[in-house]
Amino acid sequence: MAEIFQQLINALLLGCTYTLIAIGFNLFFGALNVVHFSHGDVCILGAFMTLILYGLAKLLGLVTFLPGFVFVPLLILTAMILTGLIGTFFERVVIRPFRYAPLLMVLVATVALGMVVRETVRLSFPHGSNPQIFPRILPQTSFQLGGVLIRLDSLIIFGTTIFLISMMFLFIKRTRIGAAIRAVSQDTEAAAMMGINIDRTVAVTFLIGSALGAIAGILIGAYNNIIRFDMGLMGGVKGFSAAVVGGLGNVYGAIIGGLILGFVETFAAAFIPGGTPYTDVFAFLVVIFFLIFKPSGILGEKVYEKV
Amino acid sequence: MIMARLLETEKLTIHFGGLAAVNEVDFTIDQGETVGLIGPNGSGKTTFFNLLTGIYKPTGGEIRYCGKDLVGLPTFKIAKQGVARTFQNNRLFLNLSVLDNVLIGMHPQQDSNWFDAIFRRSYVEREIEQGVEKGLELLSQFSEGLLTNCYQRAGDLPQADRRKVEICRALASNPKLLLLDEPSAGMSPAETEELMEDIRKVRQKVGEIGIIIIEHDMAVIRKVADRVIVLNYGRKIAEGTFHEISDNELVLEAYLGREEKDAQA
Amino acid sequence: MLPRTIGRAVILLAVEAFFFILFAAFMKTYETGKVIAFLLFFIGLGVMFKEWEKARLALTGLFKEMKILAGAGFVAMLLTLPFIFQSSPYLIHICVMAGLFAILALGLNFQLGSTNVVNFATAASYGIGAYASALLAVHFHISFWLGLLVGGSLASLFGLLLGIPCMKTKDYYLSLVTIAFGLIIYILLNNFSWTGGPNGIPNIPPPSLFGHSFKEPLSLFGYQLPFQSNYYYLIFLLVGGSLVVAHRLHHSRVGLTWNAIREDEIAARCHGIDVTWYKILAFCIDAFFGGVAGTVYSHYIGFISPENFAFIVSVVVVTMVILGGMDNVFGVIIGAILLTILPEKFRAFEDFRVLIYGLIVVTMLMFRPQGLFPQKMRIYKKES
């Protein structure tokens, strides 16, 4: 029983990470009908950004100067904003030129962009091909609860994710810009005719999506204590998969999709003998299964082709 | 010549969510007949075509074509049985040449496969040769200009020529039933005139073909259609010759709105 | 009349020889500075060719007039390449690799170029071919030639499997399936014990033909050619074969149908085209090409590991097709050759290789999506 509970926590954590990445995919798909395939790399860029900022802060002596509960949120916030800006920059430079081009061109272009991001990261760090040690920014303590070992950082990660996701929903539901984002995702042309600045709305969408993705990257780093330049590829594919399983374009679907993938992977590793190396295979098989039998995803609406 | 029943629908219905885009429509067309399909915007005309061609699966009702049931058949199989169509906002293969567009229209009749393409070259070449000959003949019937420009990219053609190519492409498959979706949309009166001439040519060339034509231009309907069917909110509200229809009160109402409503407004 | 024809033939062969010598000289250049000078010269030639219309028309006219002679001259010159590079096996090795990638790119072109299915699983079929024939050769002593067929067919079978989801999915979703498939194969190769896991399969025997092992130097006309020459001629035949197959498919009902699907799937369906089947067909043929290339690779290098078949390989092949020109058979081959040779010429920048691939794709898609050599309209011989 304790074993199952333990795995449940792991699954939830993994699910959170995928959800955060998948939300980005869904936001972008809603806004522009594009799949920004390098989004996974942007997310990992968030982790590397944290790494760099941490190094800088250490150099300046901020790490010891500021108390942890001030410094760490500040660090993460800065990394989020910077990553958000990078995401917006990519939209402006790489994705916008393809707005009226065939759909698949964006896909190929962003796959290539992902490669560029990964390689840039690899080349910018000494021994960049090796895993980099991620700073221990979260408390390392853990406690027992009914025979289950709970890491404090897991709790913080979980709480932060829920907080951020709810904030994002509030933002989309309650603010003017949020309304604009919803309008654009419903019908871009109509939104433009109602006087909504499409370019700015799309930019904000990318800012939010990439900033949330940065959190996913930081979570991966904080949980594993290491990050590697090429983690973004797998992260991106998983995030995209989660988005598809939940229903591409549906932000709520990201949560369901992310959790499904998280559970499949965790439980495959835990309960299938010798399954650990094959967790990704199980995850992908689930995705392919969904694509064949429910291509529009769990919450996705069936789209009627316009003829 | 005995004209047999070509296509028949019975209580054909499709729901999109709560909306019945086509609602219990009974429809018939015989060989050699031209039926006009009219109705206000959003009355379900194009959806009706999409049901006939299998792009949408009906939620209810039947489609019988030459005595066979078409419901549930995939689009390409329906096309192979001789149902060809054009599209409202015409869907040519824009990056291919005019001639290639017409050649693709012949797909259902040709039968060479990948093995033939690689290993039985003479067979494939004969097939292409015959196709090209037939395609050029078809094009020449519609316009000399298209014939001389048959290697032009279809996307570079003006709108009126695109329609012609689309009709040629549809005819290339020797269809028994031709569905024309607003062929005169975006055309000048002169071009529309030419279009009607083209449709008449089709009729002369293949007498037994059935044509269903969706049109907003009543001049076209009056000249071309033997019989007219009027849809409104997905339902068939009238049927008859053009003259019968033009006196029908329901039809006037559908197009012009109710008089009381007008008075209120 | 006859002297004029002979004159023109001489000019044609001279032009070909000029370019061939340039190419050979370029291959033999190693210093980065000189390589760049060569490249600038090539670009200059290209620009001149584009701008100077009279020369262009004259040349293309000449080549069209004497197609057979042009082809024969070209083939003859390529056949002499191992003799020219006799003292530098490394250059022959580059040519073999260029040939392998040309086969992969030609295969992918059926999908990416002709049908607009973005398949990111080229590495998977390449790997399946390589592993299948390697395992057969190592454990069961099956000959390379049979392995070639088995590798290709098995990859094709997996292509069929991969093609099944396209009954229900398309666009992004289909690309996601291919990416997932590629990663699955990679993970499996890395973890199965019978594939050697991350260590791969060593000691794959070289092919032999009429008692001549491909590991031995090749003696031709009294010349001792390095052993890579065996593979050079093999790959020359295979690329030639692939080219013929690709060309024939393009100029047939099948190629035309693929193009129709690329342009407008719904319109294609309305003209009686079984879109699913034709997409699956493209998957199978692509995979067969990949499997064949993989088989040759494994026996040529003698050692394979999962790293040779990682996601990046698929992206590289996609890059080649896009650079060369989608749906242009010759363009695709040139794309493959360029992207194999250039990185070797810039070994000093080895670390930036992948980065540059990525940048090439992004910039090409933005500024010249049709590639270096855009697709051409099919021209049918006019009835006279």
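Labels for the chains are A, B and C, by order of writing; each one numbers its residues from 1.
Going forward, a residue touches a chain if its C-beta (ideal position, glycine included) is under 8 Å from a C-beta of that chain, and two chains touch if they have at least 3 such contacts.
Note that the structure is predicted; figures quoted are calculated from it, not measured.
**Student:** If you average the CA coordinates per chain, which chain's centre is most distant from that of chain A?
**Tutor:** Centroid comparison gives B as the farthest chain from chain A.
**Student:** Which chain would you call central, comparing Cα centres to the global Cα centre?
**Tutor:** If we average C-alpha coordinates per chain, C lands closest to the whole-structure average.
**Student:** In angstrom, rounded to a whole number, how far apart do the mean CA points of chain A and chain B lie?
**Tutor:** Each chain reduced to its C-alpha mean, chain A and chain B end up 47 Å apart.
**Student:** Once you find the CA centre of chain A and the CA centre of chain C, what distance in Å lies between them?
**Tutor:** Their C-alpha centroids are separated by 36 Å.
**Student:** Can you compute the centre-to-centre distance for chain B and chain C, using the mean CA position of each chain? Integer Å is fine.
**Tutor:** Chain centres of chain B and chain C, defined by C-alpha means, are spaced 43 Å apart.
**Student:** Could you pull out the residues of chain C that touch at least 2 other chains?
**Tutor:** Within chain C, residues 266 contact more than one other chain.
**Student:** Out of chain A, which residues touch more than one other chain, so two or more?
**Tutor:** Residues 305, 307.
**Student:** Could you pull out the residues of chain B that touch at least 2 other chains?
**Tutor:** Where chain B meets two or more other chains at a single residue, that happens at 55, 87.
**Student:** Of all residues in chain C, which touch chain B in the complex?
**Tutor:** Going by the criterion above, the answer is residues 245, 248-249, 251-257, 259-260, 262-264, 266-275, 281, 285, 375, 377-380, 383.
**Student:** If you look only at chain C, which of its residues touch chain A in the complex?
**Tutor:** For chain C paired with chain A, touching residues are 116, 118, 120, 164-165, 167-169, 171-173, 175-177, 179-181, 183-184, 187-188, 190-191, 266, 311-312, 315, 318-319, 322, 351-352, 354-355, 357-362, 365-366, 369.
**Student:** Which residues of chain A touch chain C once you look at their complex with the stated criterion?
**Tutor:** 35, 94, 97-98, 101-105, 107-109, 111-116, 118-120, 123, 233-234, 237, 240-241, 244, 248, 277-278, 280-281, 284-285, 287-288, 291-293, 295, 305, 307
**Student:** Which bits of chain B are touching chain C when the two form their complex?
**Tutor:** Within the complex, chain B touches chain C at residues 53, 55, 74-77, 79-80, 84-85, 87, 91-97, 99-100, 103-105, 107-108, 110, 112-114, 116-118, 121, 124, 127-129, 132-133, 151, 153, 169-170, 173.
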